[in-house]
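Alright, structures below, take your time with them.
Each of the next two complexes has subunit A plus one more chain, namely subunit B in the first and subunit C in the second.
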Partner chain A sequence: MTATTMFPLPIAIPLAVAAFIALSGKLLGRRFSDALAIATAAANLWMTISILRATWLQPQTYWFGNWWPRAHDVALGICFTVDSVGASLAVLASLLTTAGLLFSWEIFEDTENHFQPLMLIFMAAMCGFSYTGDLFNLFVFFELMSVAAFALCGLKTLEPAPLQGAYNFGLVNTVGAFMIVMGIGLLYARTGALNFAQVGRSLGSSSDALVLLAFLLISVGYMVKAAIVPFHFWLADAHAVSPSPVCVLFSGVMVELGIYAVARVYWTMFQGGLAAHTRELRAILLVMAAITAIVGALMCYAEHHLKRLLAFSTIAHAGLMLAGVGLLAPKALGGFSLYVLSHGVVKGGLFLCAGIVLHRLRKIGEDHLHGEGKGMWWTAGLFLLGAWGLAGAPPFGTLLGESMISDSAKEFHQAWLPYIFMFAEIVTAGAVFRATFRIFFGWGELAPTDRSSQIEEKPETDEEEENVPAVMFVPAAVLILLGIALSAVPNLRSTAEAGAQLFTNQFTYAQAVLQNVEPAAPALTAPEPLTSSIVRSCIALALALLLALGSLFHKRIGGWLKFTHSLELGNPILRKAHSGHPGDYVAWLSFGTALLGGMFVWFLRR
Partner chain B sequence: MLNYLTYIVAAWIFLWGLYGIVTSKNLVHQVVCAAVLQTSTYVLLLGIGFKVGGTAPIFADIPVGTSVVDPLVQALMLTDIVVEATVMALLLSMVVKSNEVAGTVDPEELRVLTG
Partner chain C sequence: MSSRARTIFFLISAAGLAAVFAWGFRDAPPLGDYRGPYGDVVTQVAGYERHATDVVNAINYDYRGFDTLGEEFIFFASVLGVLLLFRPQKEKENEAKNDSKEQEHLEEELPVSDTLRVSMQLMVVIMIVFGVYIAAHGQLTPGGGFQGGVILASAPLVVYLSGNAETFERIVSSPLIKLAESGGAAGYAIVGAAALFFGAHFLTNIIPLGMTGDLFSSGTIAVISALVGLEVTGGFVLLMKTYLQEIIVAHGEKK
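Then we have the complex of A and B:
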């Protein structure tokens, strides 16, 4: 069996198993369904890793039903085109699903809620999303992923908060999905094709109003999933109420896939047409990225609901990732892929830790948990390590991703970007440090309260237990330690850059898909020294600790350091904007789309 | 003109759907507005695939070179319908649950998570 024939398996097998469990879960019982789901996810992890090894710096295409392009290199069939970037995202999705399913061994007492089948469908859709080489197929997997996600988010239907979170999530993302369909329709009307390579070839270098509108609609649609400000409002509501293993998938990989999709459609289809306006497009995307990072970080620090705090930190980091894509350069994109992987495991681990807190202490609000976690030193250690990773300090893989994006930013004379990174890292890591010191060490003043932290989440496990079960602790620890292990992979940065070079080359991509010409493997370049990034991240780590301590002891230190406390109280205007009203969110979505469209018309027209 | 008309109608429905979602005071109404918004994608896809004077694209009994409508668009639309029917059903079931649990279908009153 060659590697390409394996491509559909990580999608087909979990879907089949999901159907099987959904049908016969009651007969099989809870434990058997669990074991089967975990085994399937682990098998998927193994398959996606084999696919990653097979496509390492040599993208390969699988044509469904053997419909490979015959005459005149016209693609009529549907294909999976797997390259290093897509393949590693599928590995991440499978890894996090496996961890989430293991974690869920102890939670949810019944199989009525279809938790395991939904997780498997979610995983299959994410793998398909990262593998596909077809525009409409991308949308179908997007929707499959969304529907599974909406259902998983609203799993605890006995409380109003999960319903609100899941409904807002569903409605806003669905409006985004309609925009994607519109964009795909426009592109199909122009080119008569749906294959990325084919559409890209047909569009050539045209960048008229229709192409710009299609680019606008498609990228906004995916940016809704990627939680880019002002399309991000649903994310915090959905994360705050989802079961912890589901949050792992949402924050660890689903959001990142939205950014990946923007990168994919840009480099395979619109790159040629927008080539003359790269500078303007870069500026627009970087400004969005910076705003996202700042808003996410500020809201993150002002939250005291542990999961919602982590959710806003994901928004801040999504801004950093968008910067990796928005620099529109292979090196930055390589940094993006490294950052996604390392952030995904660290954030996944942190969400599992939040799940452990909910399991052991039965509450999730920082203000209710002051000093309650004393004695849970191992979990506290994981939280501290996770915050360390969010700060992007060595030895975490986040450092490597951040350094590549920052180096690339300097090449494009965007020297301000690393400071935005630092800001987001300081504030998000500081928030996790602050929560850890309060909950597990009982330091400092009581946390000020906010409305969301008053929502007491119903614990996911039935009775209180004195210890943390291994199935909960081990996945969390493994994920966070993987964030460190990642940076030990040899030649990681040069390989990521080489993979990104293949990703960004529209010409060789189209040749590989349509004419089966294998692209020459790019030469590995020596990575730049890490010194300045290490210095920056160590400063960030120190400042994050100081920020956390400042908020904890604001009454004792006084003076200008009081600002740490007002940072914790949050900006009232920003808070008010996150109103929890789905209509408001869609209004923001429309406003953002109109604004972005206006900027496109202004800056990207010839 | 006919060519452009479908696009204008699609945009028109899209914008009214958005307006409905933004201003809605009832969750059921809001989901239906999303369904209205969705119909704009049907109109757009119809406009793309339709050809004046084109016949059905069944090549068994028509001479080569006959003008036909685009056969692919129906597949796109069918997928679109199936996928979005699922989403609408899911959203409506959440509204039903919200009525049971929170006793309200007003998005204003359901707001628990804010700030």
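Then we have the complex of A and C:
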């Protein structure tokens, strides 16, 4: 079987198995459903890796139903156009689903076999989302992903919080989905096409108010999923209440897919029309990225509910990833895809570690757990390694992603961007260090409390156990270590850049899809030296440690370290904005869309 | 934000958004001005290529059948999600026990006239015939699996409304309902994958297309339409069952 014929399988097989488990799960028992789901996810992992290897530097197109494009570039069917960026995201989705399903072996006694099918559907949707070459098909998989995610988010129905969190998540994301459909409608009205390549060709280098409005609506819709400020409010609420294995998928890959979608629609359809305004668009996106990184980092440090803390760290890192896309250059996009992969496994591993804490210590609030985790040295070690990875320090893969984005930023005279990276890395890694030192070492002052930390979370496992089962620990450890292993892949940076060059070339993309002309594989360029990135990230790591220690011992040391304490208490205005009220969130969403739209009108019109 | 502040904030933002929309729509094509090419091409070729007289379903189940696979599973996942969120749990079990009692209670409360009962029975027969007709003729006339399935799923609801809660319970608890739901969903993926064994791409129409206008024509379009009909019927029945149970429990709590 060639790799191309495998393209539909990572979607079709999990969907069929999901239906089978939903039907017969009760009959065959919990363990059988678990095993079948894990086997399916593992098979998906194998298939997506094979597909990645086949499309590494050679994007390939697959037409469903054999409906190849006709004369005059008319595509009636749907195609998958798989390239290295999309294919690696599908691998990440399958990997994290496998880890999440393994982790859930011990938890959720009473889900009546609805949990595994929803996880498989979620995975299938994410793979389809990464592979597709069709605007409407992208939306279908976005919806499929969302529906599965809403249900999984509200899984713990016995508490009031999960329903509230799932409700906020569902509401805000649905408003985003409306915008996407509207944008698709506008593009269809203009071009009569839904295939990325065909729409892109039809638009050519023309851009008018209608196309710009479509771009605005589609990118805002996907930015809601990507948790870009001010569309991010749902994310922390959803993460705080979701089961840990589900958080792994939300933070590790779903958010990243939102940013990926913005990149995909821009480069396949809009870049020709916006070519004259690349500079302005770059500035707008970078400002959004910086605000997201700063707000996420500040909120992250002020959280003491372990999962919410990690959730805000995801927002901060989503800002960094948006910078990778927002520079609108192949090198930065290559950095984006490396950053997504390494951040995804590290953050996934950290959420599993939070799940282990909830399992063993029955609580999740940093203020309630002071010193409780003494003796769980292995888990503590994973937390420290995870924080190391968030700081982007060697030998983690995040370093490679950061270096490519920073190098690219310098080429565009945006020398401030590396400092935003440093800031987000220092603060998010510092927060994880701080929580680890308190929970597992019992160091320093008691943590100040906050509302979400007081609400706490019910344990996900039935009985207290004296040890951490291997099905929980091993997936967490493997994920975090993969963050290191990634940087050992030879030629990683140059391959990522070459893949990004194919991704960003609208002309060869359209030729490959519509005329079946294979694009020439770009030459691998030698990567730039890592020295400055290593220096920056080591400083970031040291400062992160210092920040954490400052928070813990500010009373004893006093003086200038006091600021770490006020950082930990958080900004009251920022905190108040994260009110948990869905009406507020939708108001912010409209505000952000109007503001971004205003900037588009002002800077990007003809 | 206070309720007042939120309203003001939203209204200002919405006004800004409306301005952006108004600006964007300046360049929209005038109403009714279709520029093609998708619609133009597909209406020309669908009848000839697919032997289907309903072009909408030729698109739904063939040209863009992969989208519909995703949409079918959106529905499937939504039903699963509802079942998951409403699942009875340990702490809710007591409520569930009251469930059956309350139901009897409800029956007593609602006397149903014979006229209503007989006319409802007649209606059920008509609905089933019509639902099957719509689902089976997806390739020929407007309708298809989604629409037929919804009509079919309403039939048990009419049984319930005619006061025959026991029969309703028997119908909706039948394992056939779950089989229809899951079988229909998985069946779509399997029909798609079957093409792979013939060396064709996923969801290729591999069944002979037959005579245009015949009931058994247009190949997999008819098969998929029927499968979707099964899935939608099962899914909606499960949804109604879950919601009705929840209403009965809530009704009991109020007293």
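Keep this in mind: the second predicted complex is superposed on the first by the 604 of 606 C-alpha atoms of A that agree within 3 Å, B and C clash if a C-alpha of one lies under 4 Å from a C-alpha of the other, contacts with A are read in each partner's own complex, and residues count from 1 in each chain.
Here, contacts are C-beta pairs under 8 Å (C-beta built on N, C-alpha and C of every residue); 3 or more make two chains touch, one makes a residue touch a chain.
Predicted, not measured: the structure shown is a model, and the values here were computed from it.
Undergrad: Based on the superposed arrangement, let me know which partner A:F20 touches: subunit B (first), subunit C (second), both, or neither?
TA: In the superposed model, A:F20 contacts subunit C only, not subunit B.
Undergrad: Is A:F136 touching the first partner subunit B, the second partner subunit C, both, or neither of them?
TA: both
Undergrad: Once the shared chain is lined up, is A:L543 touching subunit B (first), subunit C (second), both, or neither of them?
TA: neither
Undergrad: May I ask you to decide whether A:L306 touches subunit B, subunit C, both, or neither, giving the answer as first, second, both or neither?
TA: In the superposition, A:L306 touches no partner, neither subunit B nor subunit C.
Undergrad: Would you check which partner chain A:G598 touches, where first means subunit B only, second means subunit C only, and both and neither mean what they say?
TA: Second partner only.
Undergrad: Looking only at contacts as defined up top, I'd like to know whether subunit B or subunit C touches more of subunit A.
TA: Comparing touch counts on subunit A for subunit B and subunit C gives C.
Undergrad: Just subunit B (first), just subunit C (second), both, or neither: which does A:G583 touch?
TA: Both partners, subunit B and subunit C.
Undergrad: Determine, under the contact definition given at the top, whether A:R451 touches first (subunit B), second (subunit C), both, or neither.
TA: first
Undergrad: Once chain A of both complexes is superposed, is A:M254 in touch with subunit B (first), subunit C (second), both, or neither?
TA: neither
Undergrad: Does the superposition put A:A240 against subunit B (first), subunit C (second), both, or neither?
TA: After superposition on chain A, A:A240 lies in contact with subunit B alone.
Undergrad: Of the residues on subunit A, which ones does subunit B touch that subunit C also touches?
TA: In subunit A, residues 136, 140, 143-144, 147, 150-151, 154, 157-158, 163, 186, 188-189, 194, 579, 581, 583-584, 586-587, 590 are touched by subunit B and also by subunit C.
Undergrad: Taking the complex as given, what residues does subunit A use to touch subunit C?
TA: It is residues 5, 7-9, 12-13, 15-16, 18-20, 22-23, 62-67, 70, 72, 74, 76-78, 110-112, 114-115, 117-118, 121, 124-125, 128, 134, 136-137, 140-141, 143-144, 147-148, 150-151, 154-155, 157-158, 163, 186, 188-194, 208-214, 216, 579, 581, 583-584, 586-587, 590-591, 593-595, 597-598, 600-601 of subunit A that touch subunit C.
Undergrad: Quick one: in the complex, what on subunit B touches subunit A?
TA: Residues 10, 14, 18, 21-24, 27, 30-31, 34, 37-38, 40-41, 44-45, 48, 72-73, 76, 79-80, 83-84, 86-87, 90-91, 94-95, 97-98, 101-102, 107-108, 110-115.
Undergrad: Report the residues of subunit C in contact with subunit A in the complex, numbered from low to high.
TA: By the definition above, subunit C touches subunit A via 1, 3, 6, 9-10, 12-17, 19-21, 23-29, 34-42, 45, 59, 62-67, 69-71, 73-74, 76-78, 80-87, 89-92, 178-179, 181-183, 185-186, 189-190, 192-193, 195-196, 200-205.
Undergrad: Okay, in this complex, where on subunit A does subunit B touch?
TA: 136, 140, 143-144, 146-147, 150-151, 154, 157-161, 163-167, 170-171, 174-175, 177-178, 181-182, 184-186, 188-189, 194, 236-237, 240-241, 302, 308, 450-452, 455, 570, 575-576, 578-584, 586-587, 590
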